[in-house]
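Some structures to go through are shown next.
After this come two complexes, each holding chain A, first together with chain B and then together with chain C.
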Partner chain A sequence: MQKSLIEREAHSEPHRGGLVALYRKELADHLDSKRFFLILLLLFFATTASLGGALSNLREVAEESTTFLFLKMFTTGSSTIYSFATFLNFLGPLAGITLGFDAISSERSQGTLNRLAAQPIYRDSIIKAKFLAGAAALFLIVACLGAYVSAVGLLMAGIHPSLEEVLRIIAFLMIAWVYICFWLALAIFFSVICRHAATAALACISIWLFLSLFMSLVAAGIANTLFPLEGIQGLMNMESNYNLELGLNRLSPYYLFSEASTTILNPNVRSIGVVTMSQTVGAIAGPLSLGQSLLLVWPHLVVLVALVIVAFAVSYICFMRQEIRA
Partner chain B sequence: MEDRIILETHNLTKRYGQVTAVEDLNLSVVQGEVFGLLGPNGAGKTTTTLMLLGLTEPTSGEAFIQGFNCTRQPIEVKKLVGYLPDNVGFYGDLTGRENLRFTGQLNGLDPTLCEERIGQLLERVGMTQAADRRVSTYSRGMRQRLGIADVLMKDPSVIIMDEPTLGIDPEGMRELIALIRQLSTQDGRTILISSHQLYQIQQICDRVGIFVKGKLIACGRIQDLGRQLENEGLYILEFAVSPADEGLEKRLQELEGVTQISRNQDGMFHVESHRDLRPQLLPLLVEGGYELLHLHQRGGDLDEIYRRYFEKAGEQGDHPTQERKRSGLLGRLAKKPD
Partner chain C sequence: MNRTLGTRLRGWGRRFAAGMLAAMLACTLAVGAFAAGGLELSTDYPGITAKAGDSLTFDLDLENTSGAGLSAALSVVSLPEGWTGYFTGDGNRISRVYVKNGTNDGAAVFNLEIPADAQNGSYTVALNAAGGGASSTLELELLLDEEQVGGSELATEYAQQEGDSETTFTFSTTLTNNTPHEQSYSLSANPPEGWTVGFQPSGESTQVAAVTVDARGSQGLSIKVNPPASVEAGEYQIPVSAVSSSETLQTELTVVITGTHSVELSTPSGRLSFDAKANQESAVTLSITNTGNVDLQNLNLTSTPPSEWSVTFSESTIDLLEAGATKEVTAYVKPAEDALSGDYVTVLSISNSDVNDQAEFRVTVKTETLWGVVGVLIILVALAGLAYVFRKYGRR
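So, the complex of A and B:
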């Protein structure tokens, strides 16, 4: 008895051990799972398709301008195929949802949650480990795809990136990662509040489709209703109409990411939003430096990070207040 | 060492809105004891076990395990207490061994000690052959045995089991009961079992607490509870005679103190009375020319104790009339809409 007590004292190591063990298991589960493989495959094919489009159009693009040609690998598609940045914008959320939609509800339905909670770990380490492991898996996905596009650019097109381009690509990939992490956090939130994984998945997917496909229509509809563009009044309303539509669109992380990625990957984008003629007077046309591009979309980045934090915080609070019993 | 109190609760109460799941529970369990928490489904047994583990916060009152407050020091408590939930779940994609290893890691066990313990425990619960198969292929009994190994991974001094015998075949049940007894007598662990399966509980528990609608209505050793009932005037006599005719039933009714007479399919008489009938019964049988085939004085067994206590609780409270069935009594009662 005494011996086992001493033994226990020796092994009553800090609680961080629980988080690390959980994180390792979750990450291993992700990397081992079929769904991770499938989503990676899907994104890989989409990337390959977009690269095909980019390579076929690269010659025309190069005739116009050869500056920042390497970045064109990420932003050029063809008339029929989206660019890599667009694909990532649209399909990235699916990766986040796939990795998170049953994070908590599967533990519940398997009956492992109460067994897990009965171990000497803090309860929040369960949800923290799940989010961190999902984020790590997403980081791998994004990094792989970025490396794949760059490698094809180097090998097939024979163009080499400048330092500025490399930094811009890294910045873009980081933003994409944060953007996808938002969807992971959202999916985890639904997995906490929904009893069934299928409900959580459906909820996530409907939000994803709404924000990606229909938000722009809704924004345009609302803007046109409030500030009609017909007649003489229409001319007066033009600016308000546009600003309202843009503001509404920017509620969606989809739009935020698309603006941010366009600005980061294209140094020639000098402004987002409305610019009057008087404002452009005297401006010298030329690419922005990376710092200036980042400054331009800084609010977007802050909002994206904040969205991740808010989504995770809400799911964290819900999880901590929930009854453990099934 | 003998009477060291390991687990105690003081006026532990849990309310969910209007519903009181557990009310003013005062319990103490001493070291090395097997304590049975009995009650129908929904009596608050699981809520109690969750509060003891710090997984649910009590509305009022406190619980202590080895001096640690279960609500405020849950990590310390969970280091000491192994919990086997009802319908224990494992990660289906991992093997039994991997599941145990994960539990070991969560408990911060040293890897070599962890592997060593996994081997010993798998041996102990008889799962060595199946250890490297995925848990999704396991039967319910195997899961339960793996569950016990899982609980023992942290070498707990207290084990809480929630309905451990549910859905296990008789042979598995026998092994399980032997194992639980071994955990108590050989290892000196304190065990708290919650169950509604009276027969199994009777075999292993040193003491039982009877739980009805969130209240502990009786607590003590099974024999003491039985004696307590006798003192309150409940005698149950079971006997079989030949020939088993109607005349005897009439004569029995004339005896003083008889409250109820019934006969089951086999012709066995079941007589409840306020006093010991045996002295009167034998002359009566001899007189009538009956041959006595079987005689059994009941009252000391848990089924009866439970039934009487439950009835008493029902009389005091607003509970509907009890069902007078001998088998599966609790299950039926639990299913009856209130």
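So, the complex of A and C:
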């Protein structure tokens, strides 16, 4: 932190409580840092790998259906490589954690926090600016990756997106941004309550790994314990078992985002829950409009946005109640 | 024409040869007034009616009573101006004929050609046979009368035809000009309202309003008759006439329209798709048209919707739908409570004992936007909570 600059800018705009100055400074720090560069590089390589898989498989996909081919760039992988949407689902949180896990704790350990608080700026501007700057940096990452995939789709595959596809891609990227912002807010929360940055990072990463990898196993285990699938009773339990497993999985933002992105990027998805036989009678294959797809996963989107707000609000309260000692 | 007449004359001659002997003798005496010596020239029917342009043949009989055969010279004594006449025997033109003793039936044939422009009236042709000092003259009386032989006509092969309202009826008609002049006939028909009648020369596809027919010629015509789509079943008369400067020829065509039963189920706009919301009734206006030409009775509306959907009609039975009439009925479609978003097919059909039609509707089930509003409200509450937190803890 180059405090002299912050101080000067904070003095020049006292009426904003220094929020704008701090935000600019934090964002500049992020864009300048090796950490930002490394996580961008990681995501860039992952995206390139998924694009390779998508391009090699696009011909087969196009033989099945040529509608919404451009969206297939985002959802097609190969047998060994995940699709872009899956990579973003899994690695996106890492970007959020990377940008947030030491937001407060590093200031504190370097002893700059109390000096910052001594400036004529509102104290809440500090945490607001940290979150907003992180969110802005994440927006840049998501937008760059989305533009990268779209550009490769245009150049290498030579397919043109329709307006509907463009809108769907924008919606998908916005949802991905909100999803990653949740992890940023979570990481800031841990950086507030943990004295050491390493503890915060470990806490975030363990939650991330648990929700991404083990939540489905836990959900299946609980569902199978409560509604065993063995024997005749198992047939009766099948629906309850599935519904419970689905409900538990949906506790995880990872699963929420994966359902939302599948629905938004594939207009042919008509339901995200259990589909009974009677529901399919008379149904004919046809894409949903973007509005209908959004309504289908609207609860998911509401929960994701609410999670971001709640996570940030909690970290805000914790930060404001903390004593900042010299 | 001349062949048939000749054959006819010969046929009658043979048939009545024996029975008519006495009459023939009397006739011969009357006609062969100038018979002299032992030679007599005669024919069965020395007086006949013909018309201008005809070619006639007369079988000539020669009776030789001189007791010995003789060679007789044949000549035409008098012939009206412009007419031609000559003698033939066994297909050759002849000028003399050998007459054996006794009766020689059909010893020679006299060919007479009447010019086409000959006026009506009575004409006399005198023939002479002379030989062996004997001579005989035969006078033929010809009455030219156009009307009696038959004038121009418009004749149809099958003047009564049957079919449904979709049929194009084709009548093969022959227009015969029996006048000695080329004539131009203008063709017209007087069909009932809504019908169309077209005239085409046989073998051509051009529609014509007039045809020119050569003197004593004929022209084949195809008359195509199209009934209107909404025509009612029944019998229809179509007078057709061909009018030239001097003649008016008429014929009447009869078309029997059979009844067709047909009904069509659609919507007033023709659009067969609509939006609906799960567990909510959507109203669709259906238009039911009787496209046949017979009134339809007791039409029933039915539906085959996806399972657990309900379809009701404002009027599920139509007692009477007149030919050509359209009736609007409202269908209320209510998708199942758990219907998926997106497209479903619902088939609505209409039928009675004679007809049926069905329409496949594409129903797009849409999610209630109310839940979207609820979601937005939840987010607003969360933001309000955040604002409260900012106010409570901020600005320290």
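Assume the second predicted complex is superposed on the first by the 309 of 326 C-alpha atoms of A that agree within 3 Å, B and C clash if a C-alpha of one lies under 4 Å from a C-alpha of the other, contacts with A are read in each partner's own complex, and residues count from 1 in each chain.
Going forward, contacts are C-beta pairs under 8 Å (C-beta built on N, C-alpha and C of every residue); 3 or more make two chains touch, one makes a residue touch a chain.
Because the structure is a prediction, the values reported are computed rather than measured.
Novice: Now for A:Y122: first (chain B), second (chain C), both, or neither, which partner does it touch?
Specialist: both
Novice: In the superposed arrangement, which partner chain does A:T225 touch: chain B (first), chain C (second), both, or neither?
Specialist: Neither: A:T225 stays clear of chain B and chain C.
Novice: Once the structures are superposed on A, label A:I284 by its partner contacts, choosing first (chain B), second (chain C), both or neither.
Specialist: After superposing on A, A:I284 lies in contact with chain C but is clear of chain B.
Novice: Once the structures are superposed on A, label A:S162 by its partner contacts, choosing first (chain B), second (chain C), both or neither.
Specialist: A:S162 contacts neither chain B nor chain C.
Novice: For A:S240 in the superposed arrangement: first (chain B), second (chain C), both or neither?
Specialist: It touches nothing on chain B or chain C.
Novice: So in the superposed three-chain picture, is A:S206 touching just chain B, just chain C, both, or none of them (first/second/both/neither)?
Specialist: A:S206 sits against neither chain B nor chain C.
Novice: Could you say whether A:S65 touches chain B, chain C, both of them, or neither, answering first, second, both or neither?
Specialist: neither
Novice: By the touch definition at the top of the document, which applies to A:T112: first (chain B), second (chain C), both, or neither?
Specialist: Only chain B is touched by A:T112; chain C is not.
Novice: Overlap of the chain B and chain C footprints on chain A, residue-wise?
Specialist: On chain A, the overlap between the chain B and chain C contacts is residues 17, 122.
Novice: So in the complex, which bits of chain A are touching chain B?
Specialist: 1, 4, 7-8, 11-15, 17-18, 21-22, 24-25, 29, 32, 110-122, 323-325
Novice: Sort out for me which residues of chain A touch chain C in the complex.
Specialist: Residue positions touching the partner: 17, 122-124, 270-271, 275-276, 278-288, 292, 294-296, 298-299, 301-302, 305-306, 309-310, 312-313, 316-317, 320-321.
Novice: In their complex, what parts of chain B are in touch with chain A?
Specialist: So the residues of chain B in touch with chain A come to 46, 50, 53, 55-56, 75-76, 78-79, 81-83, 85, 87-93, 102-103, 105-110, 113, 150, 154-155, 157, 188.
Novice: With touch defined as at the start, can you tell me which chain C residues reach chain A in the complex?
Specialist: 305-309, 336, 338-346, 362, 364, 366-367, 369, 371-372, 375-376, 378-379, 382-383, 385-386, 389-390, 393-396
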